[in-house]
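Next come two complexes, and both contain subunit A; in the first it sits with subunit B, in the second with subunit C.
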Partner chain A sequence: MLDTNISKGKLNKINLNDFSIFILSIIVFLFLAITKKNFANFENIYSMIYGISMEFFCILGLGFLLILGEIDLSIGSTYGFIGALTGYCMLILNCSIWLSIVLALLVALLIGLINGFFIVKLKVNSIVMTLGMMILLQGARTAFTMQLGGATYSYAFRSISRFRFRTIHLSVLLMIATIIILELLLRKHMLFKKLYYIGEHPESSTVYGIDSDKLKIYFYIICGLTAGLAGIFSASRVGVTMPYTGTGLEFKMVTAAILGGASFFGGKGSIMNFFFGLFFLALILNGMVMFDINPDWQKFVIGAILVTSMAIDTKFNKKSDE
Partner chain B sequence: MSNKELLNLENISKSFGVVKALDSVSFSVYKGEIHGIVGENGAGKSTLANIILGNLYPDKGTIIFNNSELKTNNPRIANELGVSMVHQELSIFDNLTVAENIFPMHNFTNKYKFIDSKLLNENAVEQLKLFSLDIKPKEKMINLSLAEQQIVEIIRAISSNPKLIILDEPTSALNSKEVENLFQILKQLQKKSIVVLYISHHLSEILNLCNRVTVLKDGKYVDTLNRDEISTEKDLIRLMVGKDLENLYAKKNYYNINKKEVFMELKNVNRNNSVQDVSFKLYKNEILGIYGLEGAGRTELSKILFGLDNFDSGSIVIEGEEVNQIKPNEAIKKGIIYLNKNRKKAGLFPGMYACDNIICPILDKVSSHGFLDKNEIKNTTEKFIEELNIIISNITNTPKQLSGGNQQKLMVATCLGTAPKCIIANEPTRGIDVGSKAEIHKILKELAGKGASIILISSELPETISLCDRALVMYDHKIVGELSSEEITEEAVITLATGNK
Partner chain C sequence: MKYLTNNFFQNLITKKEFTVTVLIIILFLLLIFSNDIFLSKSNIDSLQTSIAPKAIIAAGMMILLITGVFDLSVGSVMGLAGVITSLCLVKGISVGLSIMIGLLTGMGFGFFNGILVAIVGVNPLITTIGTMYMGRSLINILLEGSARHGIRGFSQSFIAIGANKTFGLYNMVWIMLIIVIVMQIIITKTTWGKKIYYFGGNPEAAKIIGINTKKIRIITYAFSGLLAALAGILVTARFEMASRVLGSGLELNIIIICFIGGGSMAGGRGSVIGALLGCIFMSLVQNSFTILQISDFWQSITIGSLLILVVTSDAYFQMRDTKEVL
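On to the complex of A and B.
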């Protein structure tokens, strides 16, 4: 009796939940394509994807941390601060472009390390810790951008984000490659599997010999680096860093990640779906523009989506103690 | 009901899932007495206390308190009727003052509904004076010693003028001088005609203090004795242990222990007061029982062996190699695995597939070049499902979808996947059905037969007796005795575990 039952066991079971954000995106996409003539043309869609590719690296590190059951709310201000710091190195300290980028990324790494150290070793609550880091970096970013006085970055730096293979931008290509590679690793590789174990049940993973402290620190560092990288791309695209660059970005990213199946209770999420979470938000914001809705309402909409998806997440994913 | 009885329990039953915590328990508590309740772990003492207090509602039976039926699962109502309790775990407000801790529910307010701290402190001083205690009412609770905190809790319990006060293991944190003080206080209460229900593992205390003693065993009522009917602690032990259950467990197979092959040796291991000066050898091919009553230090010891906790001094030698502060992943590499005592707290991933659960400690064994091998995962999982007879419809079922017994077997399967040389099994069969229990016993015996070392920590004495080749008994954080397989009897174990030589 048992044997026949087990033989039905398949590992690649299709779970409809994994596709909900994809299906949701398609619905919104079709709605906009039908109602607005100038929506479904290549230019508009590509510029949306290009826009996403700037922010994509920001969600990458955050997504890993959410799988681990942790969070980083300082990514938005890391994004702004690292952009400003790169500009500061280039324009004020007269460093070369590549030296500036390397220095800025080293600082991003340090930010991640500090977050990780405080949260893992000193057991500071991760929301409070990274909120503190957010405020701190917002201050630093504003101070640096004031020094820059709105100066535009050099043509060579600006052309990094404009570099194309045929028609596709470097950042879009990088994003596609990253999605494919990381999605594969997350599903198949034992190291990445450990992230899900830790997120699902930290105490159980300790009992079975998974060193969650070490992995958490690593991924805080990676989160700092990817947020910094996104910040550099965006600085190159815009050509200037403003005192408000990156403000509020962390909440947009958290919203997209939760839409993409991550849970505040850990153990869930996939890179592919994080991309679709971003894509869904971009569609909504793009649609608002198409329908001439005042952009001041954008934050309202993101907030409303965040609250709704959090309610759904809590309803379905909250772990009961008993 | 005659006039001398304050509390009358009639046929009280309470089950948690398949476990019968209380089975038709009936007895009476008289006015003006200190009434002891004794029994092994799991005899149902705490469940009984929680039912009287209104924290739990009995499945069957009636409670007559002070001539009227007590029928509530609201502790507040029981409290208003005159029942209060001091729990084993202190429930105090660290950062509030002593006075505020004594009167958390009383409103000493002035006419504007602001707290009148003068009135509050005066009342506290009055209560403290009754026990001639030198504690200031304005002192923060956290600055008090554990014993003083406990006494404040007792004062809180009697400040509502109860007719009955229940104390659950009140002396576990106290030294002998403080125990003496507590007894003085309890005898004062008795003079004020407050009835005390005293639950304890420490039989000497029971004999010192109580007028009558009720013995529970496996959720059943055994007997109530007057103090003068008990001559020594042995009389109580005999009742706690009973005779009827001894034949329920199959007689063990004796393995030929090769006493030359030591797997692990502990020398004078200490951890800040929770484990003191522990030394023993663990041989291959044996099931070694570690028995102790709640709080004796057995779980703490098991955590040290697997590296879940550090030790302060002493040494641990595993297969001839000394290890310092081993970590769980290193312990697994050395062939040790830990079967956790409470699968709800740790040991399973409730929302993940059964196959993901099983491969967790052996990720490297089911992958090649770091990439997980789907077929290997499927084969490994199915092998263990069959071996342990886990009832499951698909390897992508999650533990949440399984029964308690099957969850436990899945956890055992996860541990066995590492092909362990040593299993530290902490309560491996707690709260599961008889069939699953027997299967887990069989697996443990087979493993020992194949050369593994097994440490069995069980609160169930019959389990320890039937499975173990040797047993160490802990009392007060120390190992107080070693019993060979011929010497392990309930009486011998309980005698050692209650601090008697």
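On to the complex of A and C.
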């Protein structure tokens, strides 16, 4: 009944499409390892993975929404704003670290809830609604960072992101655990099959009794939460929140997600591939630094990658009657 | 739709443009009577240079919205055209030719967008976000070395284009008025204009009856790029410098303006006059922020909430039209 591409993905039937970003990453990785001496050592690679582990949760949230056929453009501003809000609670309201984090995450949840409600129940266009939320949060972020005035966060807070188990950071461990658990679930559990179905066939999902409205709102909440979580991690790592923190994040996340196979038309994408989408982007950016390319070209390259991968996505995934 | 009556006034009142005009008048009166600054020469000047370029860009954006798409790269095109024209000028190229090159850049950019959306079929949001970032980084790449903080030192004849006034209003205001009026006439009176509305209202039907949708897409995107370039050149001339931040973040502003002026994500609605009205309204709102010295925080809250309010009511009325129950 719930016949989607993913549910048909038996492990012995290898779909080349699913592996393309993995292969691309390997190619770039090998290229960099061969051409640059400083690339293929543990520190460099690990620091790339550490950086990815912060953004990974963000892309999870966005990725699920893309699978559902929705989008959230406010994640960058949520990321920055929640980081600033946590800082505000800690430094200005003098709350304890954990209380600040909990409060900030509750606000992130609220942001996701508002997005979800307006988009799903009031039928506002998802692009415009999250764009409006983005503007709102940008202003809030500026206001709170002005209050903070660039003050650095406490050592205790900053050590959250530095917490290592043996030599591996907490966030990396969480990321690996999440990937494994979610990948297994995706192939088996009914809930995830429903997600893919809603994305691919939005109209008939209600016929089959799937409450797509409720699921979409849940995942908008999750998206807000993950963006906020990533923002808190990042605030802990960097030690301070600037007025422009998080700007352009949604752009990078959407690019990575589409590289990772998420289709703009819903119904596609897998957790491992989202990771490889981020990995590929990180490789490209790391490679550009190693080759001494003017950093101003970075945005250009990401933009070009985005447009190209969208073009490929459209060619293969757009339903013929659209 | 709602035009079931022949009553002129009933039809007038239901139009978005009417509501905006009323709001503008109210805001205008409030501003005049609540402070001395509003009617001062410098304030009126800055209002003009704020409204004119935005209205020019909004006119192009409105046409795109009528056809059901939009262009998020206009801010980058504005800045890019300003930078390219400036670079030509300081290299000694004549004013006229430099402006032509700047305009062609904008048109080319728009053309590129149009081809991606119409022929390759990429989603307009992603395409124009991608080109927005590409354009913005091109600006940064071009402005390097001694030009890092902007380019100055233009000839008087170039500056005069932006800074001179005719009959008391800036040249750019007259340019804007001509563009808006001509485009409004084209939209409402010519066959081509009617095709645009039809295309926006029902793209599949438009294709079936033989409207060349791909051509319209490409032309409208190229036109949007051209207008954005024009606005960028005018502003660069007026302020006598090209900066890397010109147009940054502008695209969202323009979209809000168009929505206030009657545009809708669904396509098939809106008018160029509406874009101008939305522009006047937003500029008055932002002017009152400055005069009343309202902080950045409240400015963003208001603008973001305004956008959400406008699109929610838009969605609500659409739902009511199609009789969907909440």
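Just so we're on the same page, the second predicted complex is superposed on the first by the 309 of 322 C-alpha atoms of A that agree within 3 Å, B and C clash if a C-alpha of one lies under 4 Å from a C-alpha of the other, contacts with A are read in each partner's own complex, and residues count from 1 in each chain.
One rule holds for everything that comes next: a residue touches a chain if its C-beta (ideal position, glycine included) is under 8 Å from a C-beta of that chain, and two chains touch if they have at least 3 such contacts.
What you see is a predicted model, and the numbers here were worked out from it, not measured in a lab.
When the shared chain is aligned, subunit C comes close enough to touch A:M129, but subunit B does not.
With both structures placed on the common chain, the touch criterion links A:G139 to subunit C but leaves subunit B unconnected. With both structures placed on the common chain, the touch criterion links A:D296 to subunit C but leaves subunit B unconnected.
In the overlay built on the shared chain, the residue A:M190 is in contact with subunit B alone; subunit C does not reach it.
Look at A:A304: by the touch rule set out above, it reaches subunit C but stays clear of subunit B. In the superposition on chain A, A:T314 contacts subunit C only, with no contact to subunit B. More residues of subunit A lie in touch with C than with the remaining chain of the pair subunit B and subunit C.
Of the two partner chains placed by the overlay, only subunit C lies in contact with A:V254; subunit B stays clear of it. With both structures placed on the common chain, the touch criterion links A:H201 to subunit B but leaves subunit C unconnected. Look at A:F118: by the touch rule set out above, it reaches subunit C but stays clear of subunit B.
Residue ranges on subunit A touching subunit C, taken from their complex, read 118, 121-125, 127-129, 131-140, 142-143, 146, 248, 251, 254, 258, 264, 294, 296-300, 302-304, 306-307, 310-311, 314-315, 318. Of all residues in subunit A, only 2-3, 5-6, 8-13, 188-191, 193-194, 196-197, 200-201, 203-211, 267, 319, 321-322 touch subunit B in the complex they form.
Within the complex, the subunit C residues that touch subunit A are 116, 120-123, 125-127, 129-134, 136-138, 140-141, 144, 252, 255, 259, 265, 295-301, 303-305, 307-308, 311-312, 315-316, 318-319, 324, 326. Subunit B makes touch with subunit A in their complex at residues 306, 308, 327-329, 331-333, 338, 340, 344-353, 355-356, 360-361, 363-364, 367, 370-372, 374, 377-378, 381-382, 385-386, 389, 391-396, 414.
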